[in-house]
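Data first, discussion second: the structure below is written as structure tokens.
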Amino acid sequence: MENLPLLSIVIFLPLVGALAIAFIPRERLALIRGAALVTALATFVVSLFLLLGFDANVADFQMREEMEWIPAFGIEYKLGLDGMSLALVVLTTTLTWIAILASFGPIVDRVKEYMISFLVLEVGMIGVFLALDMFLFYIFWEIVLVPMYLIIGIWGGSNRIYATIKFVLYTLVGSLLMLVAILGLAFNYQAATGSWAGAFDYETLRAFGFDPTLQFFAFIGFFLTFAIKIPMFPFHTWLPDAHVEAPTAGSVILAGILLKLGGYGLIRFAVPLMPDAAQAWAPLIIVLSLIGIVYGAIVALVQPDLKKLVAYSSVSHMGFVTLGIFIFTEQGLLGALTVMIAHGLITGGLFLLVGVIYERTHDRTIAKMGGLAATMPVYAAVLGFFVMASLSLPGLANFVGEILVLVGAFEYWPPVAAVAGLAMMLSAAYLLWMFQRVIFGEVSDFLRGLGHHLRDMDRNEALTLAPLVVLTVAFGLFPGLLLNLFGVPVNDFLASVGAGTLAGRP
Amino acid sequence: MQLTVDQLLVVAMLALPLLGFVVTGLIGRRLYARAWIIAVPIIIVTWLIGMFIVYQALFAGAYGAEGLRFTLYEWIPAGDFSISFNFLVDNLTAVLLIVVTTVGMLVHVYSIGYMAHEPGRWRFFAYLNLFMFSMLLLVLAGNFLLLFAAWELVGLSSFLLIGYWYNRRTAALAAKKAFLVNRVGDFGFALGIFAVWTTVGTLNFVEMPGFGPGAFELLPGQLQAGAIDPWMMNGIALLLFMGAMGKSAQFPLHVWLPDAMEGPTPVSALIHAATMVNAGVYFVARSSNLFAHAPEAMVIVAAIGIFTAILAASIAFTQRDIKRVLAYSTLSQLGYMFAALGVGAFTAAIFHLLTHGFFKGLLFLGSGSVIHAVQGEQDMNRMGGLARRIPITHATMLIGSIAIAGIPPLAGFWSKDEILAEAFLLHFEWVWAIGVVVAVMTGFYMFRLMGKTFYGPSRVDPAVEPHVHESPWSMAGPLVILAVPSVLLGLAIGFPPLDGALHHWLEPVFHDALETLDIHHHEFQLFGLDGLLMLVGATAGALGVAGAVWLFGLLRVRSPQEQRVERLTERARPLYRASYNRWWFDELNDLIFVRIGSLFARALWWIDVRIVDGTVNGIAAVTQRTGTGIRQIQTGRVQNYALGIAAGLLVIAISYLFLAR
Amino acid sequence: MSQSLEAYLVLSALLFGIGTFGFLARRNAIAMLMSIELMLNAVNLAVIAFGAFTPALAGHAALIALLVMAVAAAEATVGLAIVIAIYRNRRTPLVDEYASMRE
Amino acid sequence: MIVFDQATLLAFTPPVLVALLALVLVVVDIARPARDRALTLIGAVGIAAIMAITVVIGPFGLAEAQVGLIPQAGGYEAFGGVYVRDALTAFLDLLLLSIALLTILFGPDYLRPRGLPTAEFAAMLLFAICGAMLLGGARDLVLLFLALELLVLPGYLLAGYAKRDGLATEGAIKYFLLGSFSSAIFLFGLVLVFGFAGTTRIPEVAQSLLGVSELAALPAGLLMGIALLTTGAAFKIAAVPFHYWTPDAYQGSPTPVTGYLSVGPKVAAFALLLRLFVEALGGFKEDWTPFVMVLAVLTMSVGNLIALSQDNIKRLLAYSSIAHTGYILVGLAAFGAATVGSPAEQAGLEALLFYAFAYAFMNLGAFAVVGALQRRPGVTSQIATFAGLGRRAPLLGVLMFLFLLSLTGIPPFAGFWAKWYVIQAALQVGGWLNVLAVITVVNAMVSAFYYLRVAVYMYMRDPAEGAPPIEVGTATRIGLAISAAVTLFIWLPPLATTLIDITREAAAVLIAGS
Amino acid sequence: MAIPQEIPLLGWAWDDLIFLLLGGLMLAAALFVVIGRDIIRSGLAMIVAFAALAGIYVLAGAVIVAAAQVLIYIGAISVLILFAIMLTQTKAGPASLVFHRQAWVGFVTAAVLALLIIAAIINTQWPGREAERVAFSTIEVAQLLFGPLYVVSLQVIGVMLTAAVIGGVFLAKREDAHDPGDRAGSSLDRLTRPPAAASEPGGSRQ
């Protein structure tokens, strides 16, 4: 157990599964689905082992794996785990098996490719969270793109091609600039030390201290990438399209994990590597975050489509993440991390629920819904739960995160918290508006026309949602489970920007 | 963690309703008619525990002056921002527990009968249990954030219960409105909490075992030390008060409460009269130490309170829906309480909270019984002459009405009088003056309600008329039980005036705040200013009652004078319309938030699609078009190509020759 | 004049220019091929000129000129084969009519 | 007189063997007609054998990773320096032989159904490769030119190989005419340089121009010569605005030939650039670097922009290959812009070589899939023929997707590493090269659009009604396996590190020579 | 009769006169090649240009090259081109279409190019040159020819010509219409088989 390369296993186990599935004849749907689920579950179990072996009090990366890769340029295969990555990895493994399970019903065409795509996607996502070599990180980062491109493009809705190409191109814009930034940092390190050794090593670079001008430009590259991924106003417009067109499970992963990649990148890489630039850019980013929070929420108010509504709500929620990061306070960052996890669970749940109704009606137009409480009471209850969770009801995970961000923001400058706090009202407004239209009222004619097709949630669907409910409650009542994990990374982060000094605090 | 028996009981008091909610929620559907079988007994047990705690606190004095303080576990361990599940059970809490557990228990019992014909009643009981949990958490909470959490949770249960009849559009809208308006208040509340934390670094109300001093102990010190200026203190107070305004439906956040009457009547009684809406009052009282250091904020509290009182009373004048009248009456009475808080009469506010909780609960349950009797009709124009048909309901409601009208010696008299008197004595003469007017109005609209409902000829739908009957004992019983405190509570704990049991209980709680405000206890002087004020108060109430009786009748003593009403209405047409249309607040809200808001949102969406996304798509289109343009150079003809190459050669040659070095 | 390197080179440049012009202006594939031959001859002339006035280069220049001729022959072979092949398909030697592929 | 010393023999062995192999194929075809399968086999095995021999000969003067068996620092000088077999030559030879091998493997599937013989195809190809290999090691301007002609002449013929096809011959004549024109221009430039330097031997040219390069104003005749050479070379690598022939020739040619044309002559032309501009004219790099930079920007931008609106896959890949030329030129620009003697100088050349390597495999792979789709005569090269490929031939679809991703520059595929190397080199130089690096990535982003468009057809559109099944011949399979393996696994440490070491060694040779 | 060293009146050396005459002839012929309307005459004019150039070579002392010029260019290439002209001559295309429409642009370009080259040449101090032109020594040439560089070069030329011939023959040879069975023949067969008379393999236009 001690000597097993657990991190590599958790990264590449899905790949093994994907390869195995590649050799299953495509007609054997049950076998393919089973194999995919078993792989995802196995990965999940391995990630739980990570949890067991992890010590939140060790102020360093754990379970490290280091191997020379391309010594000529100091590129290494280097993995490591801290509390932040651990939480996100477990979130990833959890959501992946949920997403795969949720796909059993809806996906009937090209199941084999679908499952392979999902497992490859998982490889990329986990890899991003565990890589400690900039190069390795970049590679995993880009790997994520490809399966998602296929998932949206092949199994998506009617306008899927536009959406998927937009998604890929938009993401590429940023990530390629990030590549330039990474290489720029690496080269500057090499030029200063005269050796390539360690030029891509995250820990080495973090301790290096780059020239402020270089930081300023390199930060743009990193920031754009992550801002697009999160997504941050005004780089968010790919998100509604991608979400609307993606299949349910795709949306779950997209909202649940992919957006988190951006937040993770900012916390892990953008700020610690370029702290001076981060300080310099912070005011602008804070303003953008605030715009995103309010703007996303307001636009969500008038969305006619369930998925678009949730998508814009993501823009708003993720604004809290960027806000929490760039106010550089302990509470802000803890809040940002908690929001990331909570948003993964809650928005994942919301997308699953939208998927449930879409399965039955093949429609997501809010105006056509109504009175589901009567016909699908369990559904109504679960939707109510996630709506409440999303509007940050106390006792559920999101509340803790948003409150912490707001506390941090207030500490930074009260008006910032005031503006961000508007989301409290606005999120309630759009979510309840949606809830009221969909769940309350008389059963709509459209739904009545569906007759018995409109059955309540089945066992599979309940099974996919149950863990999310449990975790949302657990992290709401005992946020310490999460927050204690984040202690070390948060300290590192704050130390990198000069703990306690609040950048540009008015 | 070792908990003492009392602590354990406090926890149990929270855990039991929560358990009830979860169990009823999960298996309730399979309980069919006996959906209450878990929920109601649990609440009865909770009530018993509550009573024990109250006994321990108020009568046995087991918790001392500072109350029972303990911590369950650390809830949010975010560095310096460490929030625990901690509880504070002092006398104020205990007083609140009396009304919360008692009315709560009675409403639960009442609901067994009231909801007997509802197919989905298991949901109702589940929600009620959830509410009880949230409300108890609210009064027991030992820090701001936990209180805030409970604050939101009662909002949630209120949302669920108002929207209980989900297929009614009005109910659904009312539920949403209630939640949203509350969120507006909570927005300020939350900011206030952050401000508290930022200034003193703790959110505990008071010093908790194992933790440092609490906010109420630190804030005055900070102020005196000059770490925060008075301006900021006022700001914090007002932000926190914003939360109270939302929850207690004070102007301009009062709009949700009347709509909330869409919920089942027991809900109106419990949540929207007796308990939840009092949370704001409770919270301000709890924060008396903070408010005392923010005198300007207190004036605003008083002003908003008394303004809400008269505004709501004016609307209650003309409403036809029996529950709406009661709802506006609730608003009005809450306004009294805030006025009291604002002037510094904390005890009076809590006193009124207590008495109001009982008699308003009684009135609501009574109205429920009326509605039950007339098969769901709520329009008073379609009632009348019900006094003989439903005697128990009538009798108890009459008691409630007298109580609220402020006729001695019933409960309402003592508490209301104390508020008015204190306002006058603390030199808030304007508050007193308006308060007296409101007292007149209160008597009037309550007896208008009585008259229209119970007296005179029957206007009940002929189809329903034969089926009018008294409610079952599960409903009538609670009415009778509630009538007792409505009559006696004032005498029991508020007599002698300013020196009753309640005053002794609460003295330690408000001691510091009163010190700060330089308010000192004085003996009640019957034959002095105090007596005079009391007389004015009682007279005012009686005047109102008399006016209403003159117009709308009373028992068989006097029959309603419909023409006179007509005439009066005609004479004050504009006022009548303003009152009847609730001063058009709903329309105003609709205009600002729904119409203009949605227009704004649509405009933003347009910007998002056309401009933000349009830029993205535009860049793509321009790129593509550039490509298509450049493509034209590839003509397919060799000579063109050759010419291009030669031209390129020329450019290169010229550059080399003339530009190099 | 004939004793000056520049004279030969200028002559060569003029020939090269004429060849270029022919290549740019003619439509007939074979005419273009001929233009290229002229250009190659211009090159040869330049080579010989350099050889004639630089003793160290003399031998090389002659051989280079010979090699260029051989290359020109090979090029002509290939070119004519292609011209014949396309003529068979298109029935015209005019290259500006070969524009099936464009943009 | 001539001394055939050991160095000369060893140095010349690979190109001579290639020419012999070509002749063998022709002779075998005459003796035993129409044995296409056998010819393919002989050709492939022969090339593989030559590759092995090349590896054995080396020289790879690597300290840590000795690949060649006969080490010879500085390389084998043949005939006193006419031709040299150094690390660069060896690297290029192996790359060119790989290209030849893959092309020969991909040929039959396309040629046989169209009644086109394998023998001439293979022979032409091998002659051209022989020329390319000679070009890679040429240390003499005369040999350089002759080798260049030996490279391009069979290329013209191959372009028109489907002689009954109007498009093929049209492409061929365009290619031929413009190619000859540019050859003449190039030759004139060469002669001017020759006249000025007074020698044809590249090291001597560099030597004799050394003093000139330090003058304040350069002699006009020499500059004119360089201008003509720049134009000629730019044409050969198909840099914008000298690229016009590329799309038409690529589209018209038989698909395997297109594949070859897109990599073989390009790699060889870059070898020419290295030998000529880096070795011979390295002293003038300040003068030619601005042109390289401008050409690089123009080339990648125009190539990508036009590719955006192409509906013909071969044309699309043609424009894409133009764009890739632009990326490769960034490496040369990095060399040019770097201060003399700085490590960035070498990094630029390494990047160039690495890119060429990666590009060759992925691009050939892509063309192989296009060719496989066109096995049945009459299948057009419209992108629409890719519709539903993911369903019709899943494996082929996956491979094409892989090549497309690699061409886009998505990690961990070969194309990504190539771009990384180039950008890295550019950033090492800094200054204007930073701008160039950013332009490069912006272009890579633009290119994603059209590569993904193909993928959209493959996976997100349904196949046309009654689309026939796709069969892939054994040779093609082997070829695809090789190119896919390199594209996919280039990052594996033994492969990647060896490759990087070899490119470093090759670049070091050039730096030492310049 | 002794020819005067210099041309009377003009004071030019004879060489100069011949150089001018030959150069003028060559340029004129070349110009005719590129502007002549009749392509056959253009071909003939090209022979004249080549011949004049051969004369210039002689003048420059490169007799061997001149001989080769006559043999290769006039003897082989020109004849080849003339044959090709014959083969591809259709019902003479409209004379006005000898040049395409952008010919004048081509003219300007070519003229500027030539002027640039001339300017460059004149402004250059060519190193290592003698005032007198030197005679090409045949022996030296022969020695060089067997030197290392040209041995390789000749072999390359050999390979190149082989390739050109093999490929050229394949391409230029007329084949039967589409018939996969056609492949049955070997390269040699294809070289020797008489061209099919009737059917013309039309290009498969896409």
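First chain written, first letter: the chains are A, B, C, D and E, and each begins at residue 1.
Keep this in mind: contacts are C-beta pairs under 8 Å (C-beta built on N, C-alpha and C of every residue); 3 or more make two chains touch, one makes a residue touch a chain.
The structure displayed is predicted, hence computed values, not measured ones.
Colleague: Going chain by chain, each one touching the next, work out the least steps from chain D to chain E.
Modeller: Between chain D and chain E, the shortest chain-hopping route counts 1.
Colleague: If you check the contacts of chain A and chain C, which chains show up for both?
Modeller: A chain counts here if it touches both chain A and chain C, which gives B, D.
Colleague: If you average the Cα atoms of each chain, whose average lands nearest the overall Cα average?
Modeller: A
Colleague: Could you tell me between which two chains the number of C-beta pairs in contact is largest?
Modeller: C-E
Colleague: Quick one: report the Å distance separating chain B from chain C, using the average Cα coordinate of each chain.
Modeller: Using C-alpha averages as centres, the distance is 98 Å.
Colleague: Indicate the whole-number Å distance between the mean C-alpha point of chain A and the mean C-alpha point of chain E.
Modeller: Inter-chain centre distance comes to 70 Å.
Colleague: How many angstrom lie between the centres of chain C and chain E, each centre taken as the mean Cα position?
Modeller: 6
Colleague: So what's the Cα centroid distance for chain A and chain B, whole Å?
Modeller: 37
Colleague: So which stretches of chain A touch two or more other chains?
Modeller: Those would be 169.
Colleague: Which chain D residues touch at least two other chains?
Modeller: Chain D, residues with two or more chain partners: 142, 146, 149, 153, 157, 160, 163-167, 169, 173-174, 177, 181, 185, 195, 198, 200, 220, 223-224, 247-248, 306, 449.
Colleague: By the touch rule stated above, which residues of chain B touch at least two different other chains?
Modeller: Counting only residues that touch two or more other chains, chain B contributes 620, 631, 634, 636-640, 642-643, 646-647, 649, 653, 657.
Colleague: Between which chains does touch occur?
Modeller: Here the touching chain pairs work out to A-B, A-D, B-C, B-D, B-E, C-D, C-E, D-E.
Colleague: Touching residues of chain A toward chain B in the complex: what are they?
Modeller: Listed in rising order, the residues of chain A that touch chain B are 166, 169-170, 233-234, 236-238, 295, 298-299, 301-303, 330-331, 334-335, 371, 373-374, 377, 381, 388, 393-395, 399-400, 403-404, 406-407, 410-411, 414, 417-418, 421-422, 424-425, 428-429, 432-433, 435-436, 439-442, 477-480, 483-484, 490.
Colleague: For chain D, which residues count as touching chain E in their complex?
Modeller: 1-2, 19, 22-23, 26, 29-34, 36, 78-80, 82-83, 112-113, 115-117, 119-120, 123-124, 127-128, 130-131, 134, 140, 142-143, 146-147, 149-150, 153-154, 157-158, 160-161, 163-169, 195-196, 198, 200, 219-224, 380
Colleague: Going by the contact rule at the top, pick out the chain E residues touching chain D in the complex.
Modeller: Of all residues in chain E, those touching chain D are 116-117, 119-121, 123-128, 146-153, 156-157, 159-160, 162-164, 166-168, 170-171, 175, 178-180, 182-190, 201-206.
Colleague: How about chain E: which of its residues touch chain C in the complex?
Modeller: So the residues of chain E touching chain C come out as 12-13, 15-16, 18-20, 23, 26-27, 30-31, 33-35, 39, 42-43, 46, 49-50, 53, 56-57, 59-62, 64-65, 68-69, 72-73, 76-77, 80-81, 83-85, 87-90, 93, 97-100, 103, 105-107, 109-111, 113-115, 117-118, 121-122, 126, 128-137, 140-141, 143-145, 150, 153, 157, 160-161, 163-165, 167-169, 171-172, 174, 200-203, 205-206.
Colleague: With touch defined as at the start, can you tell me which chain C residues reach chain D in the complex?
Modeller: 16, 19, 23, 29, 32-33, 36, 39-40, 42-43, 46-47, 49-50, 54, 56-57, 60, 63-64, 67-68, 71, 74-75, 78-79, 81-83, 85-86, 88-90, 95, 98, 100-103
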